[in-house]
């Protein structure tokens, strides 16, 4: 019944260790089916080596299990909140990838320092502050979703333009129109995070990229005048 | 006679190079058989590429060889002391993994900076100070075991809650209910050590994780209210 | 018709992920055919895993497509300007390799610190400053080529002696008599960039290599008295 | 005639890329035959992927070619001087491995910070200063050998106890009773160099290992009371 959705979710999850973005079970990917108001997500704590498409769990936007023998990822409610509120998002990825997590632990935005970054987004990669104690001690994973939503609202960011966030003290979440794009963004974020780490430790007063370069690189890949790629 | 124990010990040892935790012969794993008061351990100085299950040595809790043609790991008495005194431990791993060893050489605890760390333990990863000269010049490997025991007592830590330690100037030891868990903890420690290194060099005044986040992440994976994983 | 040129270009491009110089589609290689005044280049945004020799696009020195179903790399005009003005160049490579890009983001030349560097060039690896706004907002990729040409003229560098450059805030370009050599230089640059990063963070006041060592190492590999390699 | 010597030399050379100690042609290994006063060495500039045992060149202790179609490594005279003067050395390896070279470029000894280091040597890994101009402009590769010999004499080091050196601004040389041991030492040096880099950048005032620990670890692996390994 949900075989295609499970298969697509499985493929996205299996890309994470392949791209060196997760060790052990430190990550999960999900895919939404908007027509049914459901999403598929990795089961909790199942190693990638033994993961099978039929293990993938189907949930609704409250994070309740609709189908599946296994318990879904402990981060399921965060995915649910993002899918429910950001209606253009088709897939979500959470990892503890090394460099992105190091920035999250340092509670610092990743500054835009080069065109690799500007090819994908025009702003620093936002790091949401750690949640306040009431949120942590409440419905934690659900509140994690709201922490992301609130930070985007506070900074006036659009989730279709900025497809990634760091959670302070925690790790990154990325998303995209498809699960495949969310996985791509997780790999992209890690690459940007590593290069920014190196530039910042090499030259602590490294300046941000100037606005003309940011605009040039972003708009050659995005919007109506884009000319990067095969245009499909 | 000890074929299963040797096999299990062999499998644990072979995971160490696979997880990039050892080069050459810089590591060893052991497995205990509580019913017999014996443990299996890697032979000393035998490269992983030529290691065979039948090479695994069986020792008692004094570190004496009970069965095996080969000399056991030079660290055997450290394993013996830990098995004898910490009766819940089923397996022990010693490596010189890169980032964990760098912290040990710097004689610094690994501060708890993120939820990756808090998912597994609620305190900084302890670095025991280098031993005093009398211990070093005495029964060194046995004293190494006592240095770990003493440090846990001094800090009031439980070895079933904190399954890893750095030995100042030396390298890490990890353990667990099984050898497989001890190996897992060795890989986990290396991942935490790398991310903490990056966060600390990026932001030298990086703050420790706040207590509410520590508790939240630890207790969602441990204790009676845990909800991570498949509950088995 | 252009089958050999496409094949050679394809082989050069496929070396980039193999040498860990690109992730996703962050790079491109080109090969010139001087007799026809044309060059072959990777199509824009096509992942290496699905790239096929017949996808390679043939362009003239204005960057116009002469043959091919696909849109050429967005960096095509930069390649075109370099091929047109530097008549000894046979192949060009552009990557966003990690350490080289980190130096470019820091807007710093890579100082000559050791004989690995001096084996290939006698000067610091130049980092061209970010372009001025008029160039960025004009014919950007073409101006990128001129920014490189101008920097080499300003510093009085010869492109047959210095076969690499960093573009400030962007990433490296390398070239050579053949596409294979341009790929080699891209790998060489990344290795030099990593070692220089490590030396500079270990010892921020690290001195440049002295001139006698620079000359010795360069001229044992280059010029009429060279004695490195098989002399063919 | 020299088939076994060539084969042994070939095997040692092929280990270098396998252990990630060289890229391209940045390294070479040699093996001596003391009975004949000859040694086998890699040909200059031949990539490892196409190297064949029959390509290995046989030289005498003046560095003259005795057998072989190819030109020997440009570093041949350095090997020759070391073989001639250090009569216990059976094999020599030269690499530009990343971390060891970074220390050489920084012109710093690698301080002894941990037991990984003390398991193999009791002193800091020496970094010989860059040569004076007369030596560089003279018989450079031969003088490189003397620079190493002189530094060992000045520091009163024995080449059978300290089997590695950094050449300031250049890169490491390692050696051993066999070529296999020289390769091992090249890998060991790189591991020690990386961990020391990490410890020093994490804690710039990191103290050297205390003498009792140095002695304990060195003498459990070396000398008449050694008890590490299988004793053969």
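Per-chain numbering from 1; labels A, B, C and D assigned in written order.
Assume a residue touches a chain if its C-beta (ideal position, glycine included) is under 8 Å from a C-beta of that chain, and two chains touch if they have at least 3 such contacts.
Everything quoted here is computed from the prediction, not taken from an experiment.
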{"item": "Length of the shortest touching-chain route, subunit A through to subunit D", "value": "2"}
{"item": "Superposition of subunit C upon subunit D: rotation angle, C-alpha, nearest 5 degrees", "value": "90"}
{"item": "Chain of greatest Cα-centre distance to subunit B", "value": "C"}
{"item": "Inter-chain centre distance, subunit A versus subunit C - centres from mean C-alpha coordinates, in Å", "value": "33"}
{"item": "Whole-Å gap between the CA centroids of subunit B and subunit C", "value": "46"}
{"item": "For subunit D, residues contacting two or more additional chains", "value": "201"}
{"item": "Chain contact graph, described as a line, ring, star, complete graph or other shape", "value": "ring"}
{"item": "Which chain pairs touch, all of them", "value": "A-B, A-C, B-D, C-D"}
{"item": "Complex contact set, residues of subunit A against subunit B", "value": "23-24, 26, 43-46, 70-71, 74, 96, 98-99, 101-108, 130-131, 133, 136-137, 140, 169-171, 197, 200-201"}
{"item": "Residues of subunit D defined as touching subunit B within the complex", "value": "113-116, 184, 187-188, 191, 194-196, 198-199, 201-203, 206-207, 209-210, 212-213, 216, 220, 227-231"}
